[in-house]
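Heads up, the next two complexes both have chain A, just with different partners, chain B and then chain C.
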Partner chain A sequence: MQGKLTPTHLDAMTELFNIGIGRAASRMSGVIESPFDLSIPRLELQSVFELRRRMLVAQTSGEILSQQFLGDCGGDAYLIINRTSSLELIRILLGDGFGTLGMGDIEREALKEITNQLLNACLGTLAEVLEFEQQGCLPRLVHSKELEERFRQSNVQVLLVSMVFATDRGRVEGQVAYVMSAVSMERLVGKLNQFLRKYA
Partner chain B sequence: MAVQAVLVVDDSLLTRTMVTKIINGHYPEWDVVQADSAETALAIARQRVFDFVTLDYTMPGQTGLDIYPNLRALMPSSKIALLTANVQAHIQSESEDQDIEFIAKPITEEKILQFVASVEV
Partner chain C sequence: MINVSLLSDMLAHLDSGVVVMDEDQRVVFWNRWLERFTGYTAEDVRNKTLPEIWTEGLDPSVLEIVDEAVNSGLSGTLSQSLHPQLLPLESVEYGGPKLRQKLTAIPITAGVHRYCQLNVHDVTDSWHRDLMLREQSKELRTQHEELRSAEERLRSIFDLSPDSILLVNGDGSIEQANSMADNLFEAHIHGSDLRSLFKELVDQEDWLGYLYNASGSDEVRNLELTGVRPAGEFPVELSAVSVNSHASDNFCVFCRDISERKSIEQKLTLLAEHDHLTGLANRLLFSEALKHALKRKDRHDEQVALLYIDLDNFKPVNDNHGHDIGDAYLKVISERLVDVVRDEDILARIGGDEFAIIVENEQILPEDMAAFAKRILKGLNQDVELAGAKLTPSASIGIAINSSHEPEEMIQHADTAMYQAKNRGKNRYQIYSRESASEWGDTASMQFQLDEAIRQQQLSLLYQPILMVGDGSLAALEVFLRWDHPKKGMLSPPAFLPMLINNNYQLLLDEWVLNRALYQWQSWVESGDISDNVCLSLNMPVLSLAGNSLLNMLEGCISQSGVDPQRIIIELTEQQLLKTEDGGKRALHQLERLGIKLAIDDFGSGASSLAVLSQLPVSVLKVDRTLVTEMILSDKGKAVVASIIQIAHNLGMSVVAEGVENRQMLIELEELDCDGFQGYFCSKPLPGDKLSEFMTLVGSYSDMH
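After this line comes the complex of A and B, so read on.
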């Protein structure tokens, strides 16, 4: 089947996301002047149903941030992180005075900036290494109605990347989901095949 | 340049394959051996000496820097580089402290060839 990701594709994508997460962690560790311990990211293909379930669970207690990426392999990226982890991440990055009263405007802006850095690092690495044009829009908070609409489309495909960031100040687990149309996925597989033919 | 032996230590099949392909593309007679974990790398290094070693940082079990002292003890004259996606300043600093060359992923032909050319005689 055209556009289907094989285990070799998934191994390659895991390594590329690993590079992206490493770049984002480097920037964030510079901000907090403390190192991040990074897990090896786990990448899987998921059904839209499963993604929707995870997002709705996270959203009942936290925030879903989305960023659209335009280009040949374009799609919508989501940072899925529950409320506890969101606030933990904000405290790690901004200090103990933040996040204690919940998710206010400053905390939301901080989370958007983190999302921007993380998603751009991950998807930017994919675009750089696989050599395709891509442009990231600004991140924004997504509400459940919009998610329902988005996931009503039957032909979307989902890449889900799970990761853990830990510092001496705390530990944060989260996931990045990249939701693509079947056409975008097919183009991505084509780019991966080109890359693998050249280098692997 | 004399035939050289290279040990590529990385849990990513892609990275191992890319490094092997780049090196063998330029030096087909070189012996490139792959290890998919820190433990496997140590087991291989106890059996033979390599001229070059590329060492990933984040791997299941031990990190590349965890096993570096043991590798160095087994191969005191080898050229060893940390080849990693984890480009945080403290990792680079620790690499410098331990006198390991630091190569940031993504891998390019230029980076790998520059590393293996660095002891060319």
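After this line comes the complex of A and C, so read on.
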């Protein structure tokens, strides 16, 4: 079945994401003027049900950062990170004076930028290597109710990317969920197959 | 459709910067906002790349997102948070500060061409506002933390306090209570009514008013109340303070179980207020009880009686049987007294062998108290057998009924009545009355009355002639003091002098008598009524002789009057003489040296010893009237008087017979060689103004003889 994502596909994508994320890390290091490591230890395909469960466990707040990608393998990416970890990430990026009073404009904008860079790095690399057209939109905050609507569609599949952010100021774990329609997934698998045939 | 010119105008007037770049990242559109904040016009920057426009001050991230938009079709966003300044923009128009910006890069595809639209937002104001809010928020947070920690501290005090603390609103409803309070009242008392926890407050609508009233001040501190809990009532100490908050008027109530303290206090009170031997109230508690009883008497129109009970002959019990038996005896007495008093009466042991009973009633009649006293005496009079000894207790009871408002005075009244009972022969009671009191009175009142008597000339002297047996001539005048009492009539010294014994007032009275008698003697001598060899015979208690005061007084008065001391005779009874101590004997010798004579009064009425008399400077022996009476009744009686006269003469004393009432007696005395006599046969004691009359009669003595 062409549409099915195999462990080989996942391994390949993990490699590609790590290349992209390496670029993002180097840019972030420049921004915060200290070493910033990003890694993707795991990539998995999950059901929407599992995604919702993990969001519950992570106790994500009412608003979640989302970025839409249009194109052959389009979908919606979500940053799944619990409140404590997101504030910790802010503190790592902006310094001790921030993140302590909760999520304000300053924190939100910083989180948007980092989410944008991570997702652009991952999806950008994927599109570049697998040679598909895409257009990335700006990140925006979506309410959990909107997510419920989105997740009610049964034909979506979730690519769950675990991420670790580490600097000398601390270490934070989070996940990016890339929710794709079955059609998008099928195209992605097709592109991956082409890529694997070409280089494997 | 909107044409290009219109679109261009619209973009020009946006309140943010818009720059559009082509695939080579060269500027194809530059709106007016950017002209204002960069100083460059669209013409200036056309076809230039951003690094060409700004050779310095450009954040490299800007170029990266432009590159991603143009080459990868990805939108990018750069935040003001992570970048101090993305583009080197400043408010040129106003010469203002550099701008904080937020940038977004959006890929635009038009046909085969790709563009990047870069939007620049001035967020300087919001950035500073945000920072300011953060500062304020931080301050608030600090204050909040401080408040929270203060509240936590208070909460710990509230929770860990050894006292029970209740927060009560004005209606009496308990809004908060610590665990100690729940433990104290053995219930979860949050939400209950404060009034239900204290016996005194149960029916109090205005519970707070009650507390302030009970405290008697403007603060409720350490007020003792009765707590109520399922296990029963218990003593509790309560303090309350108002804790006014803006919302309501609340009170913080502190409670403490004082059962333990109360029990210790009670034990201490018992020790302090009770006699350890009998367990009865002691003098301290008795005084307090009497004070309160008299206060109630005044306030509630009640009546109070005080019974003062003094055991008769207790000292010999201790002396003869030892203190252990004495103590046991007192215990028996106290038990018997407990049996006769009512529960509401207060029985106290107020001295070694003294007890007191306080009786309170709506009405107390003397006859009731008399009956009560009789019951007490009857109860006491039962024999007591202790360690083989058989004792019959008795007591003298003095009773005062409503006699004073002052405790001390009331005690004195009961005491006076008790002495009256004792003097009347013991084992009886006496009810105090002003009349009966003045009969004996107390020392102070007696002095007062005597002062009055002197002033009112109620005191007078009587003179009884003592004649020579041989020729009937006047040998001496015995002086008697009389008190012509307005109510009681003529009183002789035994009726009032006992109260003055051992008192300086006796000396003053003696001085008055002496001066008066000396003055009288002198006037009689001057008037020729009597010869100057007639003596004055005065009665003086020997006890006073022990001090120098009497001697000094005698010497002073006599020398001042100019009367020959040889004419003064001091009479002492043989009992008084026998009791005379060494000091008194020295005083008698001193009298002799002054020339004053000493006479023994009532000789033969007691156990006199002529041997003792021989040691003293006695000049005159006055034979007691009983012997004189015996003398004419029997030969033995006559022999006794004869012997006395004989021995007295041998010792150099002269003899005077007292109580000579008839001629026969006088004849016998003459036969026995008696020197002088006195008695009604010759004359009763006479007032001063009757002496002259008497003296004319003396001339007819020979006839009587």
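By our rule, the second predicted complex is superposed on the first by the 188 of 200 C-alpha atoms of A that agree within 3 Å, B and C clash if a C-alpha of one lies under 4 Å from a C-alpha of the other, contacts with A are read in each partner's own complex, and residues count from 1 in each chain.
Heads up, the rule we're going with is that contacts are C-beta pairs under 8 Å (C-beta built on N, C-alpha and C of every residue); 3 or more make two chains touch, one makes a residue touch a chain.
Quantities reported herein were computed from a predicted structural model and do not represent experimental measurements.
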Overlay on chain A: chain C relative to chain B, clash or fit: fit
Touched partner set for A:E128, first chain B, second chain C, both or neither: both
First, second, both or neither for A:G95, with chain B first and chain C second: neither
Contacts of A:G30 with chain B and chain C, given as first, second, both or neither: both
Touched partner set for A:N18, first chain B, second chain C, both or neither: first
After the two structures are overlaid on chain A, angle v-u-w for chain B, chain A, chain C in degrees (C-alpha centres, nearest 10): 120
Touching partner for A:I40 - first (chain B), second (chain C), both, neither: first
Smallest separation in angstrom, by C-alpha atoms, between chain B and chain C in the superposition: 15
Residues on chain A lying within both footprints (that of chain B and that of chain C): 30, 128
Chain B-touching residues of chain A, taken from the complex the two chains share: 8, 11-12, 14-16, 18-19, 21-23, 25-26, 29-30, 35-36, 38-40, 125, 128-129, 196, 199-200
Residue numbers on chain A that touch chain C, as the complex places them: 27, 30-32, 71, 93-94, 97-98, 101, 104-107, 109-110, 112-113, 116-117, 120, 123-124, 127-128, 133-139
Touching residues (chain side chain B, partner chain A) in the complex: 11-15, 17-18, 21-22, 58-60, 84-91, 105-107
Sites on chain C touched by chain A in the complex: 60-61, 64, 68, 72-83, 102, 104, 106-107, 109, 126-127, 130, 133-134, 137-138, 141
